[in-house]
Amino acid sequence: MPKALQPHPDRALPAGEARDVARRIHASTKDLPLLCLHGHVDIGLFATDAPFGNPAELLVVPDHYVTRMLISQGISPDRLGLPRRDGTAPADPRDVWREFCANWHLFLGTPSRYWLEHEFAEVLGVTTHPSAEAADELYDQISARIAEPEFRPRALLDRFGIELISTTDAATDDLAQHAKLAADLPGRVVPTFRPDALVHLDRPGWSVLASRLGELANVDTATYDGFLAAIRQRRQAFVEAGARATDHGHYSAAAIPLTDAEAARIYTSALKGDVSAEDANAFAGHMLYQSAVMSAEDGLVMQLHPGVLRDHDPAIHAAYGPDQGHDIPVATEFTRSLRPLLERFGHAAGFRLVLFTVDETVYSRELAPLAGVYPAVRLGAPWWFLDSPDGMRRFRELVTETAGFYNMSGFVDDTRAFLSIPARHDLARRIDAGYLANLVVQHRLDEDDAFQVAKDLAYNLARDTYLS
Amino acid sequence: MPKALQPHPDRALPAGEARDVARRIHASTKDLPLLCLHGHVDIGLFATDAPFGNPAELLVVPDHYVTRMLISQGISPDRLGLPRRDGTAPADPRDVWREFCANWHLFLGTPSRYWLEHEFAEVLGVTTHPSAEAADELYDQISARIAEPEFRPRALLDRFGIELISTTDAATDDLAQHAKLAADLPGRVVPTFRPDALVHLDRPGWSVLASRLGELANVDTATYDGFLAAIRQRRQAFVEAGARATDHGHYSAAAIPLTDAEAARIYTSALKGDVSAEDANAFAGHMLYQSAVMSAEDGLVMQLHPGVLRDHDPAIHAAYGPDQGHDIPVATEFTRSLRPLLERFGHAAGFRLVLFTVDETVYSRELAPLAGVYPAVRLGAPWWFLDSPDGMRRFRELVTETAGFYNMSGFVDDTRAFLSIPARHDLARRIDAGYLANLVVQHRLDEDDAFQVAKDLAYNLARDTYLS
Amino acid sequence: MPKALQPHPDRALPAGEARDVARRIHASTKDLPLLCLHGHVDIGLFATDAPFGNPAELLVVPDHYVTRMLISQGISPDRLGLPRRDGTAPADPRDVWREFCANWHLFLGTPSRYWLEHEFAEVLGVTTHPSAEAADELYDQISARIAEPEFRPRALLDRFGIELISTTDAATDDLAQHAKLAADLPGRVVPTFRPDALVHLDRPGWSVLASRLGELANVDTATYDGFLAAIRQRRQAFVEAGARATDHGHYSAAAIPLTDAEAARIYTSALKGDVSAEDANAFAGHMLYQSAVMSAEDGLVMQLHPGVLRDHDPAIHAAYGPDQGHDIPVATEFTRSLRPLLERFGHAAGFRLVLFTVDETVYSRELAPLAGVYPAVRLGAPWWFLDSPDGMRRFRELVTETAGFYNMSGFVDDTRAFLSIPARHDLARRIDAGYLANLVVQHRLDEDDAFQVAKDLAYNLARDTYLS
């Protein structure tokens, strides 16, 4: 008999004396609307509002948390349906789904398991655990469910209680889909400005993007000055489309300005296809600083998440493209790296910098001390591998004592997996309820304060950080 | 109605099964005398025994834990009464106090909140929480209280149960106030020798200090040999004034000796005002090693706390001076940095080195292994941002299993905020009681052993480290 | 009256609601056989099956966990019976034992205390705690016990439930003792191939070892090609003797291949006694990569434990030799260091790399992300200083959410202290039971899954990693 899947009402809440307090706190936050102000859901999903394809495409193939775990046990990306760049036909979705179901035990103890159980039970109406035996029945059941009109993406926005969601869009995106959507669903889905591809001059195809930027902005990007002007123009277009923030994924947090002459020299060299790795790195750090300059002008919240060696396995990257789970964190430094930026903008009115990390060692050593003194700095929610029950608990324990609660940015779900958004917010609210409840039963926080802080962490701080 | 302020008798003790054990352990240590052998209270406080000024000057302005949190939320240092170097009149103390009270919620979850609640309730007799509404009444109430004779600093030494307190004094201090105090209160307040300003040759005003050192020591400091001799002479004066220790705040833990010739070369260059940053760093590391040489001779316990980038924001430093909360930790290395020093003195009879850090990553990786094998090494209490409930718990969990309990230095309060001293010791004793109680209820430590260890951590180890 | 020693049946299990669940889980794993597939017990112990010497030689002198703690409190290595290289007669074993017993309190809160209490109570039948007063009686009691036939090493293999144990053997070991043992006790004790001494070209005596390697392998090691061929030959001999794995202790995790020409150049220089530290390091990193090449050929599991500065105190090393407790960890990097190796072998069928660390900062940042995507990578059990109750708990909390349970290698005891093996496995099983029980009572894991995972962690994963 298949094992019944029924997420426990107290899941991820603490045991013992704190449970009751945590239940009450969670009850007070669980129905607050969702602000999803840092995410990677494809804008096309909302623009077309087409039904989702099939269970494998919905829950397995695009979720690198899921595929990386299956790959780690020797299941090839091909058997998981990852599309090859060479156009080889991917595996049959039903076979992919069977592979996933047969390996359901691999996710024990991981956040993917919590999110998926939540999605199965509370979104898709699935009542048994995946298994080799149950795979086909689940496939058919989920297929039927996602064909229903109330499972269209826009309908789910309402069902999920999403007040506002932002996508992440290349600086060279023309925002046409956002324009269409703004007409249909005004003020519900906004873009985020991501200039990463434009500021890393040594990546293949960069000069094409630089040209594309110039065309879009109607500015000649053959010079560094033109490049800056074009970026400013695109930021303005994003602002007009409702954007609240920029998003920067860099290898390091270095935000060190160059002289204009030096920046121009490197830019010009890159246009000729002749740029050293050192120069390209220096230019990227310079552009991070320039992003702060521009944010101080136009008010876009600057979000930085450094410290990941992308595409660690070149063969996987060559065969399947970027972001296939072979991104591995490295030690990251913030104190010295951000000093020039904070020296100039750390106390600047209206400038806000949200810092993320996948290196926990900086929580108490660098991030909390920075956020705990510079008005510009807020700490983003635990990112990526750390967006997990113990990861979120450690984050609170490591930053709160130095930075307090009010230098946090609030929760962001940071996901491409649209169906997981309510699960992620719910899990975060549970962990915060548990953290606060533990403080209450240890008489380190009064219960009335705990309720207020819980609401602030779940909703008010995100509003304050991104929408005030 | 204002919210009543009444610290819970079980505050910061664990919940559940461990609470009763923790209560018993805490009851056994809470009235032990306080040894305050690493602190930064102004000697003038005791020498003049003048009444404290006003609530803002007592509790807000000089406490960078408090001001940094308020600054982080955009309240300018000026509105907090931080004295500007240019002599601009600071804000009215009552206005500063109102700012603090209106932002009391910012301290939720921080150690400042615990310390302040303790001070309010148990020292100042305040019975309501600060708030915008209650600010003026609290100001008047505290002002009246600190005008009473029993609130003079010397009277508080008794009331707080302080057996011995050390101040921190520049190597170029003439110790006149200590001499005065020794006559009035023999053996109760002793100096600590801090040579930092003398060993960082590239800091503005260094050569003036070098001259001042020579005058005080009656030794010509125009040569490196004279400089060393003068330092030895000053250490002797400190020893005669009752000093038990030296204190060293360096950017890195490097304690690497130079040759005499090289040290002399750098020293002579610096006197001419011509020293590179590299040479100055090397000299600082050399002098750390020389401090060990001298400690092995004169018995002063050597205290090292490296790894902080001081005055991260140059504009704040320029306007308000050093130590205004804009000091941010950096990753710190001990294993290689201390090797030459430990090779020579790690097993030396009578030499003792107490290590502090604000980089928690070294607790289990470097500090506990070093303390767990070198007789000279003791681990200082969690420092600065880590002197907090979760910070202290993590410290115990990360070092005890490798270094045991008996390679610790005991608690040090390390504060300029005199009124917070009993609160800090009490919080540390509570956290240790909870840590030990958790071991007891997990059957990892017998209860009789827990009681002994608690006393050792609260009192005996500090005595053994600094006074034996 | 001496204090009774009686390990609590619930020792190291969690308190509160989780205790009952943890008890049940532990009850289900505590009698599983022991797989000891990464250890350092002397092969001579089993080959000769001679009785153990005396309590000091059995429990104090060879256990650097024990001696380092005693040394850290100023007890000289001489008084602990550490044999001097110069042949000075070591202290009388009874005096060593008295020293140990008088300082029993130093081990409070350390894993040594748990292991020793377990050994005393469950292996040696000791019923009182060590103390200065009880020292002689305990000495006599233990001496009598270890003289009994059932305390011979081979008998203890059965009594301890050890299914398979591996020793660690130099690549230049002739495996004669293993051959003898294989005849007497087939398939019970196997060697592990450790080439460290051969791949660090700048260590004293290296060229003698290179010659010895050539003789054993009957290959001329005067050339780099011959050296590689000889290593391949020795690996084959180890495989034939039942070896399952290789073992690599390097200062860093760098596994960066050189060109053949470059490797040959360095090798030839080293044979002439003329090799720089840089070249020697580069060669060691090259040979780590070559070990992966060979493991992909012959199937030996590759075990890597980097990041320790060995023999931190040169004077201790000079007087007493290596591995006397003065080994101190350093920060370690895996993401970049292992990239070339994983690029080539990360997805290779049959290749397996088990990673260990004494730098906890890499658990969530580097190790779990690597193990959570590369099929070749498994994470070894918490190593050395981290093989402790809180260390093991932190390991689970820091890696499971990213890597799950099934990318772990299972527990390895990694000890020279034969008598401590059952204690170490038992403690690990208790900590895992507690970790899983906490997940169960927080409704993060179903209880039936917890039982399965507990068995996998305690036994199945070690079998799968090393024996499949």
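Each chain carries a letter (A, B and C) given by its place in the written order, and its residues are counted from 1.
The rule we apply is simple: a residue touches a chain if its C-beta (ideal position, glycine included) is under 8 Å from a C-beta of that chain, and two chains touch if they have at least 3 such contacts.
If you're wondering where the values come from, they're calculated on a predicted model, not measured in any experiment.
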Original post:
What topology does the chain touch graph have (line, ring, star, complete, other)?
Top reply: complete
**OP:** For the copies subunit B and subunit C, give the interface type as same if over half of its residue numbers appear on both sides, and as different if under half do.
**Re:** different
Original post:
Nearest 5 degrees, what's the C-alpha rotation angle taking subunit A to subunit B?
Top reply: 120
Subject >> Distance between the centres, which are taken as Cα means, of subunit C and subunit B, whole angstrom >> reply: 40
Original post:
On subunit B, where are the residues touching two or more other chains?
Top reply: 16, 331, 361
Subject >> Contacting residues of subunit B [partner subunit A, same complex] >> reply: 8, 10-16, 68-69, 71-74, 105-111, 114, 309, 312-315, 325-331, 358-361, 385-386, 388-391, 394
Subject >> Parts of subunit C lying in touch with subunit A, wherever the complex brings them together >> reply: 16-18, 331, 333, 335-336, 339, 342-343, 346-347, 349, 361, 364-366, 368-375, 377, 397-398, 400-407, 438-439, 441-445, 449, 452-453
